[in-house]
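A, B, C, D and E are the chain letters, set down in written order, and residue numbers restart from 1 in every chain.
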Amino acid sequence: MQELINRAKELLDDGTVARVLGWRAGDLPYNPEPAYFENAESLKDFVYNGFCGANLSKYMIEASKLEGKTLVCLKPCDTYSFNQLIKEHRVDREKAYVIGVGCKGKLDIEKIRAQGIKGIESIEGAEITDEAETLKIQTIYGEKTCAYSDAMLERCHVCKGKEHKIYDEQIGESKETKDGERFDEVSRIEAMAPAEKFAFFKKELSKCIRCNACRNVCPACSCRKCVFDSNKFDSSQKANVDSFEEKMFHIIRAFHVAGRCTDCGECSRVCPQGIPLHLFNRKFIKDIDELYGEYQAGDDTDSKAPLTNYTFEDAEPSIVGKRG
Amino acid sequence: MSSKKKQAELIEEISGVNPLKCMKCGKCSASCPSYNEMDIKPHQFVSYVINEDVESLVNSESLWKCLSCFACVERCPRDVKPGKLIDAARQMVVRQRNNTYLSPDEVPELLDPEIPQQLLVSAYRRYRR
Amino acid sequence: MYKIAKENLSALFRLIADSQELYLPVKTAGQVNFAAWSEEAEVALDTLKSVKSPKDAFFPQSEGLYTVRREGRKMKVEPESLKEQDFVVFGMKACDVKGLEVLDNVFLSDPVDTFYAARREHGTIVALACHEPEESCFCKVFGVDAANPAADVAAWMIEDELHWKALTEKGEALTEKVKELLSDGDEAAVETEKQSIHNIIEKLPYMNLSLDGWNGGALSEKFDDKLWEELYKPCLACGTCTFVCPTCQCYDIKDYDTGNSVSRYRCWDSCMYSDFTMMAHGNNRTSQMQRFRQRFMHKLVYYPANNDGMYSCVGCGRCVEKCPASLNIVKVIKAFQKQGGEK
Amino acid sequence: MSIEKKEFRPKIVAFCCNWCSYAGADLAGSSRLGYPADVKIIRVPCSCRVNPMFILRAFEKGADGVIMCGCHPGDCHYSTGNFYARRRMTLLFSMLDYIGVENGRTRVEWVSAAEGVKFSDTMNSFVEKIYSLGENVRLGDLRCRN
Amino acid sequence: MQRIGVFVCHCGSNIAATVDVSKVAEMALMEPGVVHAEDYQYMCSEAGQAKIADAIHEKKLTGIVVCSCSPRMHEATFRKAAERAGLNPYMVEIANIREHCSWIHKDMEEATKKAVILMRAAVAKVNLNTPLQPGESRVTKRALIIGGGIAGIQTALDIADAGYEVDIVEKTPSIGGRMSQLDKTFPTLDCSACILTPKMVEASAHEKIKIYTYSEVENVSGFVGDFTVDIRKKARSVDMDKCTGCGVCQEKCPSKKAPSEFNRGLNNRSAIYTPFAQAIPNVPVIDREACIKFKTGKCGICSKVCQAGAIDYEQKDEIITEKYGAIVVATGFDTINLDKYDEYAYSQSKDVITSLELERVMNAAGPTHGHLERLSDGKAPKEMVFIQCVGSRCSDDRGKPYCSKICCMYTAKHAMLIRDKYPDVNVTVFYIDVRTPGKNFDEFYRRAVEQYGVNYIKGQVGKVIPQPNGKLLVQGSDLLDNRQILKEADMVVLATAIEPNPDVRKIATMLTASIDTNNFLTEAHAKLRPVESPTAGIFLSGVCQGPKDIPETVAQAGAAAVKAIGLLAKDKLMTNPCTAHSDELLCNGCSTCENVCPYGAITYEDKEVNDHGIREVRRLAVVNSALCQGCGACTVACPSGAMDLQGFSNRQIIAEVDAICR
């Protein structure tokens, strides 16, 4: 982290960048917030640790409008989103100085809480340079421990890899955290009977409070005004009525980002109700891979997206019933 | 449904051929090595099936004269495959004869140097699946 | 003072639910929220904070107001009926109860919101003291005593027994109804529990949060502060903070065309949303900074200005836990405090 | 809940492209090839005009089945429209199937202007399927039931 | 709020017999916005239209719903009627209660119910209709003809004679096409060159016609009336202005081993060549693949012998960009590849030839100087066999499913000519059917049989077996005699199926003209618009649209010309107003819509917008409404809903959905 701060200072000092987009230490051990730093002095609050899960690429939409370059810290998975935003002309590559930062898996405070750990005062082992496999957590109810990997976000267990897809320079080592297959859960649901599938999603989606956090955090949901906020489709409902609205919203949202979603997992990370929203996006990714050939959004900035492409021999929609 | 119609449909089912696709070009008869031995010529097979006269086809010389060389099948421009039709008629007879199929192990014993090479090749083609 | 053994709680719930609706913390797909009790429901009384606050029980996230039907070429308006049955909300925390006080000030003052009033009238609250408060809690800062919930019935979970004390007439009535299941409680044990809770509260990290300078009179000083320009930046403009908050009371009114009729309903709105208070001429808050500022100014300045200095934050800490960008009211207060210190 | 049992008459929306399928439906009409009156056709310029929002909207408002018809792939009046539509619908239907909505409620069929028979056959078989599935309870909005 | 009038047509009894039309009208009055409803016997009649006009005036209608037959039938009629009455034509919607209702349902109650719902959907849509104005686009008064065969030449001449400029782009070094390769033409047996050459000369001399030979269309953009076309003029290596066409270069060229395309590879030509003597332009090209100078750098003989100094080895391909108002496709045909028909021994014997090759053999300028001889040994044949339908009428993947149409006639022609010139040669034709619908066609065929003694045998040939003695054993069957035939022949001629020029797929893609499964260009309507492509401004001439003979080709060429002239004669075109439109305040500038637009109608511009007080420069999608054809692909691709289609807007379609589902 110190290396990152030093480099940021250098780049601020020599005028290469006008600001740094990173994370500011929070007032609790686990709540750093995305923040801009405009001078060397302010960087004293800069932090980069296991709780810096936020994908900063979406902030670059606004940062691209500012004067001068913005240094942005992107984890390997964030770089896919950044590429995708370049492809869609939503960020300006020239306005960004990308530092690919290392990552050893990001932590999910909810997973720590789920283990009954509460009253947290401090957490040791979340530092990015730490080799620690275990988090030591001091609470008002005594000291607790938690394996690092047990506290990791779901997305890190199916990590796309350590490679930064785009960067100006790289700082820090990354660690292999993948220990699961990302389509396993989707396959499990696919194998369910229709009634069971329906019950599963009904239960999950009935929790939705329409807070729009999933949409607002999503780097693919970069619309200035979402269709669900405009009256273009006469769809501007924002009530949760536990009947249709949530399904409509989540299906359409997943559809709108289909072929554009890089599977960065932010939607699931931010959902206050812990709805596994990535299951929608991954279903589309899995279908696209299976039907139209493997495609990873954000791998590059110029490939044709699956939904703006076609072949004469594409599968017919009836394949859905035939696959079983 | 009359038994005649049933038989004709059975032929179509076994052979997988739609006899109505035939445009009566005669290329099958032109290709057939057994043409002169046959009483019903390959291009006529189709009309026998269409006219639901499978009986005559079954009782014909042609039924056993066809070598299953499949020249007609290969060359038929309309995908009608008269060879498959006659083969289907033959299968019908075989099925009626109480499932007396030839098992593969019995084949070597039955081989006879006199058997025309073409028949052997045809047999392999016929039974390759 | 009564008590009931933990293993008899289901019998208690069954008994209450026999005659009225019962809402309590229920775990669904891994998350705890207030929901109607049923035999199958996984009741989660141990959970300190439900994701959404229980204000839902009195001010639902969406509720019908009236329905308009066409009869030939005429219109017929059918108003939604008000709540007529009694119901019990079980397991609210002191902060949530205080949150209702904030809502009362809004909805029960003139003009009275009849939907809300009817629910308040028919609702009986059994509040549970917070056995183990957590680091995100700061209710004490707003004068809430987590050990002493001020509801119809106050309850304490002490080891394997729930202690029960009716505080109001409604509470007494409910107690009467379920008396058969209750036995005499242990005042001393409750006092010990309260003391232990107070001890924990003193150790919480936010205990020393100072509200100096935040009051109804601070309007222009705070409104014009440059600090907002910095603070709002990580905000995603989602509605998480408002929708989990026990005191947020803004709603939107919308129409839903069912094909056969038009239902007018209201649903929670969030000041973080771009269409918040959208009017025919447009919106008077055009930037996210303005909307962000609105939320905190409302809680800490505008509301106190209109309600005798009462803040519309109760320190439940839900926003601290749930904000996707790790922003929250505490950080805002601290940022101003720090700036004040540096000046 | 009222217990009175009404005969189930499904609501079926058919999106037909102007150039092929709508004309195919016209041909079915002029050839007097019947299909159940439960089917109502909406004319769109091309199958690629059919937004998934329309399909979900139909279900929301109480449709029991939605079918989309377009020109055969390769014959699109706009040359490529139905190729995009094909991918969109495949993914959408797959998603609906994934969340447990009966797959038979959605269908895409390519019907040319000359295929009046196919149009009527398609509608007959689709309606039959919807009858066998019964009322759409999984996707409809409860508010639309009264 | 609209003021909508609903007009329910009885269509005699076509609708009224199954739909209670007065009930539909009565129910219409219940719908929001409807201020007038009536039913009438024939809404499309003059009296019916007058009723609409009266109601527009009296009730001050702003929108019209006609419940009648398919909009494909009378939408235009009612729109015009509304327009005459002063209403914007796009405020009219049709509820199709005939084809989609009365004609397919029997039960009156059920059909009436459905008609009411269809009416409601149309009313719901009209409530959201807005008046639309067609745009105007100008017409470039020049036509492009792709292909310089007889079809292209005839179309060019007809258009040019009407006074418009025409450019012909021809891929080969000379115009003339397939017809220039033919020896005689049926059924009159005229010499093909004698009737074609004057046309070629006329075209080349015409002041309005410009010919680009050895050139190809590289790129097409734009739309009806205003196409922009890039033409690649391939390097000829000969300066067309200097060359006198003396031919010395071709004589002296030492490289004479390149197969002659014109003679179907039956003999060779020099590396610098004109395809045939009457070529237009009479300027040779250097085949750089075959030229020694280009291959080794040494030689340069042609340059030395050229008195005019026309040889230019440095010449490069040149791209010419030109504007056109109309484009005529006349890309013609080729014979199919016979690799898959090994039973006819085409690849095994030089004496098995295609009919087109026989044309060259019979031609005085051909490889045998017009003598009928075997290409293997030069001997005169005694027995000739013609096999019909080689690759035509095939339902498998070896051939073509269609009838090539011209083979029966040209085979009769060949048989006749051979019997006439070489009476001692026996000619046998194996046929499946002899198809001779055409003026004097059957008479022509009968002459071959009756007068010239050509032996016609009904029955396809199964196999042609080359014999060790050089003869060809033809195994066929005579279906009428029910006997198999084994016939020794000296030459076998295959009536090979024809297929559209393989380049046509590429060209069709550039033009966004649709193409069928056999690569024939699709006409806008099989019966009523046979020479127009569904893509506006593209016309079809000759075999690119379907098999045809010369007279038919010339007739269609003229028809295509007339259609093109009809377009060029206009100064301005009205454009379809039902085009896509982007809402500037919602557009993200993400380019998704651009990626799915088949017409290249969407571009991006940096524009300043005022978004509720926020002024900023944004990258925004801009639709060129003249290019947009209104398919709507972009509207669905657009995630924010910024892109919408006028006349079929999101809200309109949703209103229809709602109306149907309620």
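One rule holds for everything that comes next: contacts are C-beta pairs under 8 Å (C-beta built on N, C-alpha and C of every residue); 3 or more make two chains touch, one makes a residue touch a chain.
All figures in this text were calculated on a predicted structure; none of them were measured in a lab.
Novice: Give the fewest steps needed to get from subunit A to subunit D, where each step moves from one chain to a chain it touches.
Specialist: The fewest steps needed to get from subunit A to subunit D is 1.
Novice: Ignoring subunit B, split the rest of the assembly into groups that are still joined by touch.
Specialist: one piece
Novice: Report back the single chain whose CA centre is most distant from the CA centre of subunit C.
Specialist: B
Novice: State the pair with the higher C-beta contact count; candidates are B-E and A-C.
Specialist: Most contacts of the two pairs: A-C.
Novice: What chain lies closest to the overall centre, CA atoms only?
Specialist: D
Novice: Would you kindly say which chain has the C-alpha centre located farthest from the C-alpha centre of subunit A?
Specialist: B
Novice: Cα centroid separation between subunit A and subunit B, in whole Å?
Specialist: Comparing mean C-alpha positions, subunit B is 66 Å from subunit A.
Novice: Can you give the whole-Å distance between the Cα centres of subunit D and subunit E?
Specialist: Each chain reduced to its C-alpha mean, subunit D and subunit E end up 33 Å apart.
Novice: Between subunit C and subunit E, what is the separation of their C-alpha centroids in Å?
Specialist: Centre-to-centre distance between subunit C and subunit E: 71 Å.
Novice: If you average the CA atoms of subunit B and of subunit C, how many Å lie between those two points?
Specialist: Going by mean C-alpha positions, subunit B sits 84 Å from subunit C.
Novice: Listing for subunit C: what residues touch at least two other chains?
Specialist: Within subunit C, residues 256, 258-260 contact more than one other chain.
Novice: For subunit A, write out the residues touching at least two other chains, lowest number first.
Specialist: In subunit A, residues 225, 227, 233, 241, 307-308 touch at least two other chains, as defined above.
Novice: Taking each residue of subunit B in turn, which ones touch at least two of the other chains?
Specialist: Nothing qualifies.
Novice: If you go through all the chains, which pairs of them touch?
Specialist: Result of the pairwise touch check is A-C, A-D, A-E, B-E, C-D, C-E, D-E.
Novice: How about subunit E: which of its residues touch subunit B in the complex?
Specialist: 343, 389, 393-396, 398-399, 430, 432, 458-463, 475-479, 482, 484-485
Novice: Quick check on the complex: what are the subunit C residues that touch subunit E?
Specialist: Against subunit E, the touching part of subunit C is residues 70, 72-73, 257-260, 282-283, 286-287.
Novice: For subunit E, which residues count as touching subunit A in their complex?
Specialist: Spelled out, the residues of subunit E in touch with subunit A are 583, 585-592, 595-596, 604, 611, 616, 619, 637, 639-642, 644, 650-651, 654.
Novice: Write out the stretch or stretches of subunit A touching subunit C in their complex.
Specialist: So the residues of subunit A in touch with subunit C come to 26-28, 31-36, 54, 59, 109, 118-121, 139-141, 203-204, 206-207, 209-213, 215-217, 225, 229, 236-241, 269-270, 272-275.
Novice: Which part of subunit A faces subunit D closely enough to touch in the complex?
Specialist: Contact set of subunit A toward subunit D: 186, 189-190, 192, 194-202, 227, 233, 235, 241, 243-245, 247-248, 251-252, 254-255, 258, 280, 283-284, 287-288, 291-292, 306-312, 314-321.
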